[in-house]
Amino acid sequence: MTAYAIRRLLYTIPILFGVCLLIFLLFNKVGGDPTYQMLGKHASLAQIQELRHDLGLDKSDFAQFIDFLKQVVTFDFGRSYATKQRISEMIWAGMPASLSLAIPAFAVETLLAIAIALLVSFYRGRLLDRSIVVLCVVGISISALAYILFGQYVLAYWWGWFPISGYDQDLFQRFKYVALPALIWVVVGLGVNVRVFRTFMLDEVNQDYVRTARAKGLNESVVLFKHVLKNAMIPVLTYVVIEIPFLITGSFLLESFFGIPGLGSITIDAIHNSDFPVIKAMTVIETLLFIFGSLATDLAYSGVDPRVRLG
Amino acid sequence: MGSDGWWTLDGKIAGLNEWAAQAKKSGRADYGAPISGLTAPDKTTLIIRLTKPNPLILHVLTMPYTNVVAHEAVDRYGGEFGQHPVGTGPFRLDSLTSNQAIWLRNPTFHGQNYPTEGEPGDKEAGLLADAGHALPFVDKIIDDTIIEDQPAWLNFMQGNHDYLAKINKDNSADVFDDNHKLKQSLVAQGLEAFVTPGIWFNYVAFNMEDPVVGGEKNVYLRRAMALALDESPMIEKFYLGLATRAETPIPPGIGGFDPKFRNPAREYNLVRAREILAKAGHPNGQGIPELTYDLKSDMTYRQIGEYFQRAMAELGIKVNLNTVSWPELLSRVRRKQAQVWGITWQYDYPDAENGWQLLYSKNESPGSNESNYKNPKFDALYEKIALMRDSPERFALFAKMRDIFVQDVPWIITVNQAETRLTHSWLHNFKIHQFEHNIEKYLRVDVAARQKALR
Amino acid sequence: MSAQVGGGKSLWADAWIRMRREKLAMVALGIIIFYSLVAIFAKLGLIATPWDVEVAGAYAAPSFGSLKTIMGSDIFGRSVFYKVIHGTRIAMSVGLVTSIITIPIGVVLGALAGYFGGLIDEVVVWFYTTISSIPSIMLLVAFTYVLGKGIFSVYIALGVTSWVTLARLVRGEFMKHKSREYVVAAESIGAGHAIRIFRHILPNVIHIVIINLSLQFQMAIKTEVILSYLGLGVQGQPSWGVMIDDAKLELARGVWWQLTAATIAMSFIVLAFNIFGDALRDAFDPKLKMAAMPRREDGKK
């Protein structure tokens, strides 16, 4: 176990290196020189040279890469071109907003998907199972944008059930703003999750121990709840846990349509404004979250199931 | 020095450049250090001493770069001052997120009254009803920045916002009818539309140092291209009839704008354009290499680029569209790498100098003279008008500069875009002002009318 | 699983027989073929041409007067029906070109890594783990910035970012197969590496490519919509993404037909690929299960 953990940990080093190199190449080398954009309409040669020097753009590629690695390690990504704000502060400020949408939505989505998956595995092969599976596939096939546009127009504007968009600093007030985007989040994600969780559960249903349990005359629902659910939770959790780090970075479609000042909105804004330092910082953060998220998942999983090995 | 506003003050105020040099050397700006040209004898007086006479400084003083701010706040917040501004205005910032700013009435505001006189028509429009009253009228301003158009529009229509600052091109088709008036259905809902000529103009720029399109010898090509580009379909297609044809770098609303002048280089005359090309030895564009037109990656810019491409094809000139990101476009232009490109100039202050300086040789790339246009006669005229205030003599010099501009065709100037806003009927004292962006202090909300309308 | 030794044929025949029994899968295949034909005809200019002319006033509601106006018109009075057809052309071309880029990269890298193992494997795995660690939407954004915008960039960006799943699957299959008897036997009669990889093992794992293809197509189509929404997608052509993007404002004015038409057109093909992909997977190799299941379209909603 310890040996595996160490190996797994060491293995992230070349990945981190590769990721940093790729991001550096894409954003710093090919993404264009930001000096002119930053200095606005009236730039003098002296100003340009000075800014290039301040940004380290006059250094060698290697030195610039080292600078970039320093940024990644210290989490100091400089300032946004558009708002001149320190990017690390933008991120700290955006995180609570993203989380206040993501946590409830994610919790409801996951619990609901587990419940439905359990239900359909109880009725496996029958009409309810088949129709729910078809419904899931239909649900997946519709673009998330369509859900958002129709949901906002019909539920919020037309029927007036929810506010159209907005956010409140007060946690309690915030819920009314977060309700509709959270609902759409659940609808968009449910089809995918139910289908996957159902597979996990059916895997367990076909295991020997379940047959034995049934043979012992246990009630089917007891079998499902006590045995299948318990064992299926391992793959379900591994599948779900990998998404948790991403709750911090939020959902950019939902946040930008519903006026939630989270990291998703910040990213969209940055893409619209060609605000490269922000796009780069968000890319780095999401990537690091993914790498360490999967590292944590793997380690936890290997603790649960000793058969898991690298590769 | 890292500021995008340094050019407004560079070399203009006694001692300021020395102060900046010192700040650069020590790595820290000392806002307490004395500057010979800037003194404040008491709390409400600021004396500025210039290095040389400069009438434009008055405009500079109205720009956000020269706002008076509290030095205690600057000391405290340093680089984060932008998120914690403390100034002298009628409102103070209460909270700020990435998409919302909330402002509350400033209890220590020095006081200001609503103007008692206005432009012709203002009185009739009811804009002087509050004349002489103490500003501001509202206690709280909520400024929402909504990225997406649908929620912005729906929120406005539901009355959650009193006015809508952004009507984009795709939006305006639904807001204005074929006569470019607010649609009847919206008028019936109590909406009001404000349309004002904007102080920006669009143009197709040539790099005057480019061997194919630049220089004295290729003026025939630029002339032919300018004659072949008809801007009236552009106005209908891309600006829904709300833009006007641009003749010179002086847009309407700026001193020296001549409503009667028609730029002969910009009439639409395909026959003459073809003649010019043929006379120069390029009948049907033969022998002219493919041109590269750089454009910002944006739907409208793209469509305008395609329109330009089709217009040039009429002359037999092939144009390759090069779509690039905004920073990339700027880098290419300012490193003199671009050949032909589409761009917009927005005035910094209401003085024609700001348009003409785009052609002053000392402002060449990486400065704002992105076309790298150089003409000593033009330069001499520019240097004169830069030190003058608006007067018939100054306008006469503008006419001379204009004639050189028409002659040399460093750009194909196309349109002056309009600014548009929508308001609800319960919002009073609203007027678009191209340079004063902080109109909130004048606004008055008829709360009773709003409640009635929303019920 | 009896098919491995005898080469590819009976595996395919078996799978086909199994597929034939699935009515739903056959309907899905019919839809896919239909969309492909529409795309080809539109490409050849046989139908819905020209799409960019006025057929009615701006925002004319759907009417059954003529085929052109059956789905109404857009802001410029262009036929929404024609735009949907050309959107089909774009969507299918994005799926196709992306696959053409993805399959060689994925198969070759996956095969080399799985077959040779060792250092080659380490490098390939490192490479695809690196690519897949960066959220695909951010990678797509970066690529379109670098390459400029337009359909060409969409092809390249999607192609370069989406070969990872395929490479991973092919690598796994090669690892399983390389020590199987039939490969060892081939080696003993003097077959070189290239022959073993391409003639012996590849036919036995190529069905992975087909299964992955159905996934690839729908991901490409859905991603194109998201990219267009970000303003980074297809330019100047009527893709479904551009139509949905245009419709962001139309709905607020009660113009629902463009959004609805594009959404439905897209849903049907994605649905068909989903069902067909599931059926393929079940028919070829029920053990694959998770491999060919779509996750969310933009990595995170």
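By written order: A, B and C. Residues from 1 in each chain.
In this section, a residue touches a chain if its C-beta (ideal position, glycine included) is under 8 Å from a C-beta of that chain, and two chains touch if they have at least 3 such contacts.
None of the values given here were measured: they were computed from a predicted structure.
Enquirer: Looking at A-C and B-C, which one has the bigger number of contacting C-beta pairs?
Expert: Between the two chain pairs, A-C has more contacting C-beta pairs.
Enquirer: Could you say which chain's mean Cα position falls nearest to the mean Cα position of the entire protein shown?
Expert: A
Enquirer: Between chain A and chain B, tell me the centre distance in angstrom, where each centre is the average of that chain's C-alpha atoms.
Expert: 39
Enquirer: How far is the middle of chain A from the middle of chain C, if each middle is the mean of its Cα atoms, in Å?
Expert: For chain A versus chain C, the centre distance works out to 23 Å.
Enquirer: Distance from the CA centroid of chain B to that of chain C, rounded to the nearest Å?
Expert: 45
Enquirer: List, in ascending order, every residue of chain C touching at least 2 other chains.
Expert: 145, 231-232, 248, 251-252
Enquirer: In chain A, what residues contact two or more other chains?
Expert: Answer for chain A, listing residues that touch two or more other chains: 31-32, 149, 153, 157, 268, 272, 274.
Enquirer: Two-or-more-chain contact residues of chain B, please, as numbers and ranges.
Expert: 148, 150, 154, 157, 324-325
Enquirer: Of all residues in chain B, which touch chain A in the complex?
Expert: That would be residues 1-2, 4-7, 10, 24, 79-80, 82-83, 95, 97-100, 144, 146-148, 150-151, 154-155, 157-158, 160, 324-328, 330-331, 333-334, 345, 348, 363, 366-368 of chain B.
Enquirer: Spell out the residues on chain A that touch chain C in their complex, using ranges where they run on.
Expert: 14-15, 18-19, 22-23, 26-27, 30-32, 137-138, 140-146, 149-150, 153, 157, 185, 188-189, 192, 195-196, 199, 243, 246, 249, 251-254, 268, 271-272, 274, 279, 282-283, 286-287, 290-291
Enquirer: Given the complex with chain B, which residues does chain A contribute to the contact?
Expert: 31-45, 47-48, 50-51, 54, 79, 83-86, 89-90, 93-94, 97, 149, 152-153, 156-157, 163-167, 169, 256-259, 261, 265-266, 268-269, 272, 274, 276
Enquirer: Under the definition above, what is the set of chain B residues touching chain C in their complex?
Expert: 148-150, 153-154, 157, 170-171, 173-174, 297-299, 302-303, 306, 322-325
Enquirer: Which residues of chain C touch chain B once you look at their complex with the stated criterion?
Expert: 58, 75, 145, 148-150, 231-232, 235-236, 246, 248-253
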